Structures are given as C-alpha cells and as structure tokens.
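Heads up, the next two complexes both have subunit A, just with different partners, subunit B and then subunit C.
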Partner chain A sequence: MLKVDVNKQDDIAIITVEGDIDLYSSPQVRKEIIKLTNDETKGIIVNLAGVTYMDSSGVATLVEGLQLVNDYKGKLFMCHVQGVVHDVFELSRLDKVFSIFPKEADAVKAYHEAN
Partner chain B sequence: MTKMIEMKIPAEARFLKIIRIGVGYTCELIGFSSEDQNNITLAVDEACSNIVKYAYDQSPSDIIHMTCRLYNDRIEFTLRDFGKKVNESTIKSRSLDDIRPGGLGVHLIKSVMDEVFYDTNVKIGNKLKLVKYLTHKGNTC
Partner chain C sequence: MKSPSDIAALNRRIDELTSLIDVTALISSTLELDELVHLVMQKAQTVMHAEASSIMLLNKISHKLECRFALGEVRDRIEDTVQLDIGQGIAGWVAEHAEPVIVSDVKSDPRFYSEVDETTGFETRSIIAAPLSVKGHVIGVAEVLNRRDGQPFTEDNLELFVTFCRQVALVIENAQYHQFRLTQERLQQELASAASIQQSFMPQRFPHSSANRFQIFGKNVPAAAVGGDLFDFIELDNEHLAFVIGDVAGKGIPAALYMARLISDLRHHSHVQNSALDTVKEINSLLVERRFKGMFVTLQYMLLNTQSGKLTIVNGGHLPPYWRHAATGEVEWFRPKGGIPLGIFESAPLAETTIKLEPGDNIIFFTDGVIEARNSVGEMYTQDRLLKLLQNAPSNPEMLVRGIIRDVLKFSLEEEQMDDITVVTLKWCG
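This part shows the complex of A and B:
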C-alpha cells in the first residue's frame, strides 16, 4: 500500500512517498499536492526514495503539481529519483523538466538558495 | 515449444499490481535483463490502465484477459477487453515537447515494446498485442 507523509515547516513542505505510485494510488499523492498548491506552499519537495514503481499516472500527477506550483511562482523539487522511477522519467523525457536532487538536504538547500 | 500463461483480473486499478508481478517474474524467467523486465512490466501495466480508464470507464464489473506466450526469441502479450471500442485514430503518442499531465501511456508502451498491434477485427471490445524480442530486432511499431 502507498504511504504518503507530509511534513510542513514554514514555507516548505516535504512529501515523502513509499510504495507503488500507479493508477490506483496516484490520487493519494495528487490529493496532498493539490492541498499544498491550494495553500500556495512556496516550496514543495517530493522525496521518492521509498517509491518502488511509478506509472504514467504518477508522472502526470507530478507534472500537474509542477504546473500548479509554477502558476504562483513556487518551486517543486524532487529527490531520490532512482531505479524504476528514474527509468520512467527518462522514457517520458521529463528528467530534464523537473528539478531533481540526489538527496532531500540538497533540495532543501537549493530551495533556500533560490529564495 | 510455446508456453502460455493466462491471467484474468477484474478491470479495477487496485488489481493491476497482480499483472505487474506476473509479467515481471515471467520476463525474469525467460532471461530479460532487469531493465527490460521493469520496462515490459511498465508497458503491459500502461496498456491495462488504458483498458480500465477508457474501454471500461472505470466500471468495476468487467475483466481484463491477458495471455502471455513465451517463445525462444520473444514474449508476446495479448490483452483482451470487452468494453468500448477504442478509436484507432486516438491511439497515438502525443509530442513529448507538449508538457502536460496525461497522454504518456501510449508513448511508454511504444517506446518499450518492439511490436504494438491493435486488432480491429474483434467484434466486441479490443485486442492489443505487444511483443518484445529477447535480442532487439528493431522497432516495428
């Protein structure tokens, strides 16, 4: 089962996802991203370290999140994009569209440097 | 000799993982690389997701029938549904320069599989054949 945790501190929120993001579970991730973008959370970092599978519905959820964040000039960063998740980003040719960092701390640092 | 594996699952998103596990393990058994196992699993999963979303409009009472044939040089999947006929003109990948949510599934299927064939002769529903060769023989999509 997919586990989605959101840890919000000041203007930055870390979404930590564990499990498979697929047609069944991606609405769970979308719900959290929509909640944060409705509040215009300035920095959203999606930590994908625990993600074991991602399909196009997962990719679509992240693309939608990126577009919503861009609308209010916020930032959506990703970290720990590896294995099968990296492969699906590459196949979708979206690995260059997202801002991807190796570790969560790198993404947080990049957010603070940009603001 | 051809070996055949058949699976029938309810056409609901929560059951698609059963197909993924079966496809991944079958690909491993016949010698596909780890990367190919993951990519083939993704392609078959995307095709099943399309059946759930478009052929059946997320109606939970229907089934997906997957037949997998194992050959010496390739693996063939036939996915059969009995839902709404898919309009072939709408089955195409969108440009990847057009960055927006959705519409990626067909691109992923065609990127991964060596052959993708929609059999439009079936009277009810849809029939999709996906083929992947053990040694890449060129993209014949």
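This part shows the complex of A and C:
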C-alpha cells in the first residue's frame, strides 16, 4: 500500500512517499504532483526515504512533474534516493536530469539558495 | 372462529408471501438485469396495490441518485432523466440515512421534492421508500407511490417492501459483479491483441551479410502486460546497418502506442538524417514535442559500417552493452558517452562513440528486464550472472541470445515475468 503525504509550507511542498511506486501506485503520486503543479507551487521536494522500489512508470511520473515545474520555472528536487531506486536513476543517467539531495533539509536549503 | 376481516388479512398475507417466493424464483433465473428488476418491481407494485414505482441507483462518480427503472404511467419521463443529490427529496433522505420511510401525505412533508411531479405531470400523494443496501453500503433507493385505494401505506406494507428491496439489491449486486467480470475479460482480450500487434513491430527476419562480415540476432519476450521494450534493424545501404534497442517507460496500451510511433519515426529518420547522432537528436525533439504524462524512452542507437566493422553508438540513458573481445576472451561492460533518456528535454546532452570491432568480437545489448528478472525468493538475476554467462557463451548471436533468455527464464522459473526481456547481439566476423 502506497502512502503519499503532502506538507505545504509557504512556497515549498514536501511530498513524502512510502511504499513501492509502480504501474498501479504511481497514479497516486501523480495526482498529488499534478495538484501542486496546477497551483504552480514553486518548490516541490519529493522525499523517497520510504521507497524501496520504483518502476519506469514511477520514474515517468517524476519526469512529468519535472517537465511541468520547468514550464513555470519552478523547482522539483528529490531527496533520500537510495538502494535500487538510486540504481534506476544512475543507470539511466536520470541522476543528471534531476537535482538529487541526500537529505530533505539539503533540498530545502538548495531551494532557498536558488531563490 | 375467525372474523371475515381476519380471514381477509390472512389471505393478503398469503398473497404477499407468495409474491416473495415468486421473486426468489425469479432471482435464481437467468434473466437480464433490466428485465429482472422490472418483474420484481411489478410484483412489489401489484402486491402493495401501488400506482407507480421506481428504482434510483447511486452513481459512484457523480454521487447522485439516478433513476434507472420506473413503472407506471410516466415511466418514460422518469427513467434515465431524474437525478437527485444525496439528501435531496425523500429518496435522497433515505439514501443519506440508510433507513426506510413511509410518507402518507407528501405535501405536508418538507423533504418532498416537488420538481419531479412538476416535470412529469404525475401527482404523488404517498410514498414508501427503502434503501437498497449491499454489505452495509447504500447502492440505491426503491420507491412505490400512491396506493390505488387512496389509503395511506401501512407498516405491513413497509415491512414487505423492505424485504423486496433486499432481493432487488441482491439482483443488482450480482448483475454489477457480472458486468465487472465481463469488462475485465474484455480488457484482457484487448491487452492480448495489443501485445500481439506490438510483437508484429519487432523484426521477424534479420539482416544478413552475404560476405559473412557480420551476424546479428535479437529477441523480445514480452511480459504478461503489454510492455515497452523494442528493437529494430534498419538496413540503410550496402555499407550501413542501423539497429536499435530501447525501453519505453510504463506499460500497457500507452507504452505500446508510444513504441509503435517511435519505431516508425526511427525508420524514417534513419534514412533522412546524416548521422546516428542527428537521428537520435531528431527523435528526441519529436518525443519532447509530443510529450505525454512524462513518458520517455531509454534508447541505444547503433550504426554499423558493414565494411569496416566500425560501430557508432548513441546512448540515450539505456543500459550500456557488454563487449566480448575475441582476442582476449575479456567481457567488458562498455559504457559509451552518455546521454539522458529521450523525450524529457529538448536540450538533452547526446554524444556518439565509435569503436572498431575486431573479428570474432561480440557486442551484447539488453534491457533491464534481463538483469531485474526475479526468482521465487525475490532475488534479481543481476549483471553479475549475465557477465558470468557471457564468459562461456557461444559467439553465434542467435545461440547467444537464446542462451541468455533461456537462463533468465530458468532463473525466474515460476515467477510472473514483470518486465519485457530483450537481447540483441552482433558478431563482427571481419
């Protein structure tokens, strides 16, 4: 069962995901990302600390989020990308596409520095 | 000695019970839902001497009650037209509270929603309404209107009607489940058709070098769901053979359609662009232009000079290949200059890498379905296993590809294959 929490503070929203992100659960993550991008939330940070598996539909969901955020010059950062999920990003060189930070606080700091 | 009124009451009760038995018999018959509900409501209406009746079902998406069945003189003006919010009108109240109700004089009841009568021209005087519940959830509301003898409905009528409604709810639940199964079956058939259409895009015959300069073979084993792996060979001229391996993000029909269009674009642009890099850049632009739900493809595009053995690789975020050097027997995980997957950014950094193959060399391209195949205890096949296999594998591409696939399927044995498995192998003969 996937759990998705959104915590909005000022112009940053932190999406905390717990569980596997696959073809069946990725729409849940997508729904939250689309809500935030529709509101043109300037900073979206996806915390993947609780995610141990992600398939390509999960990756596509994050790519879509990144594309939408770029359209309005916002930022989408990720943090706590680990294990198999990290391998997925590294092997496909998506670690060059996304801004990935070790911890949530690092991502928040990077957002404030960029603005 | 029973009085005549007692006997009349007893007879009425027998009639009611008989009608319930009739209804149970109807339910176990194999009639269509509409016909069945129609007959059950007709029974209810007759035994309660009512002028009209209707069934409203809850639409799970709009959260409104919609009139699905109606009997009586204004049937046509009610069925499929009347809609009520939860809480609106007497039916809406019943849905909200999940309780049956008798209203003897609707005009003095503030819950009554008169607009339906105004639209249909029917005059409602009294109502019995009861919820249709399945496993504690209200799925709709049934009503009978106006006793023919002008008398108000009684508690006995209500009790009987509630029993009828239990039967009706059961019928509807069964029918909805049946409908759900049918839809599922149809979807599965459509997926199977999509999978076979997708397979038809994969090459069925393989390029052949009359001078035996090279041998090439590829195979795709689709997962149960329609997957997104692809491979293709494009013979450009006597000196150049392009080939490609890729993995579209996601599964199902969207991935299959994305893939079909991608293959057609690849075939076209391989012929019109001047270099492997230009072809891949053009494909990336096209995919970014028609971006959809973040879909992208990891793709490796190769251009082989069939005279010299020079192989140019453009990698868009795909797993790097293994290069087995015939002279040393070494199996190298060869990482060409990297680019990101295609379809994400217009300005994706892409580069080409050219290598010179030596006689007897093999180069093996694969998708993540190979190394991520899982066995019954959840272990992955991994690159290590692949590497070990390649160290002792035959150099004939067809035997090599079939050997890898056989080994992966043997490893995952009875586990459901979650992802497509694709392997393409080239042997440079010199």
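Just so we're on the same page, the second predicted complex is superposed on the first by the 115 of 115 C-alpha atoms of A that agree within 3 Å, B and C clash if a C-alpha of one lies under 4 Å from a C-alpha of the other, contacts with A are read in each partner's own complex, and residues count from 1 in each chain.
Methods note: a contact is a pair of C-beta atoms (placed from the backbone, for glycine too) under 8 Å apart; a residue touches a chain by one contact, two chains touch by 3 or more.
None of these values were measured; they are calculated from a predicted model.
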Judging by the criteria at the top, classify the pair subunit B and subunit C on subunit A as clash or fit.
clash
Considering only touches as defined above, state whether A:Gln67 meets subunit B (first), subunit C (second), both or neither.
both
With the two complexes superposed on chain A, say which partner A:Asp20 touches: subunit B (first), subunit C (second), both, or neither.
first
Please indicate which partner A:Ser57 is in contact with in the superposed arrangement: first for subunit B, second for subunit C, both, or neither.
both
Have a look at where A:Lys96 lands relative to subunit B and subunit C in the superposition and call it first, second, both or neither.
second
With the touch criterion stated at the top, can you tell me which subunit A residues are shared between the subunit B interface and the subunit C interface?
23, 55-57, 59-61, 63-64, 67, 91-94, 97
With touch defined as at the start, can you tell me which subunit C residues reach subunit A in the complex?
225, 228, 247-252, 291, 293-296, 298, 317-319, 338-341, 344-345, 349, 368, 419
Can you list the subunit B residues touching subunit A in their complex?
12-14, 16-17, 20, 35, 38-39, 42, 45-46, 49, 52-53, 96, 99-102, 104-105, 107-108, 111-112
Given the complex, residues on subunit A that touch subunit C span 23, 30, 55-57, 59-67, 91-94, 96-97
Per the contact definition, I'd like the list of subunit A residues that touch subunit B in the complex.
20, 22-24, 53, 55-57, 59-61, 63-64, 67, 83-84, 87-88, 91-94, 97
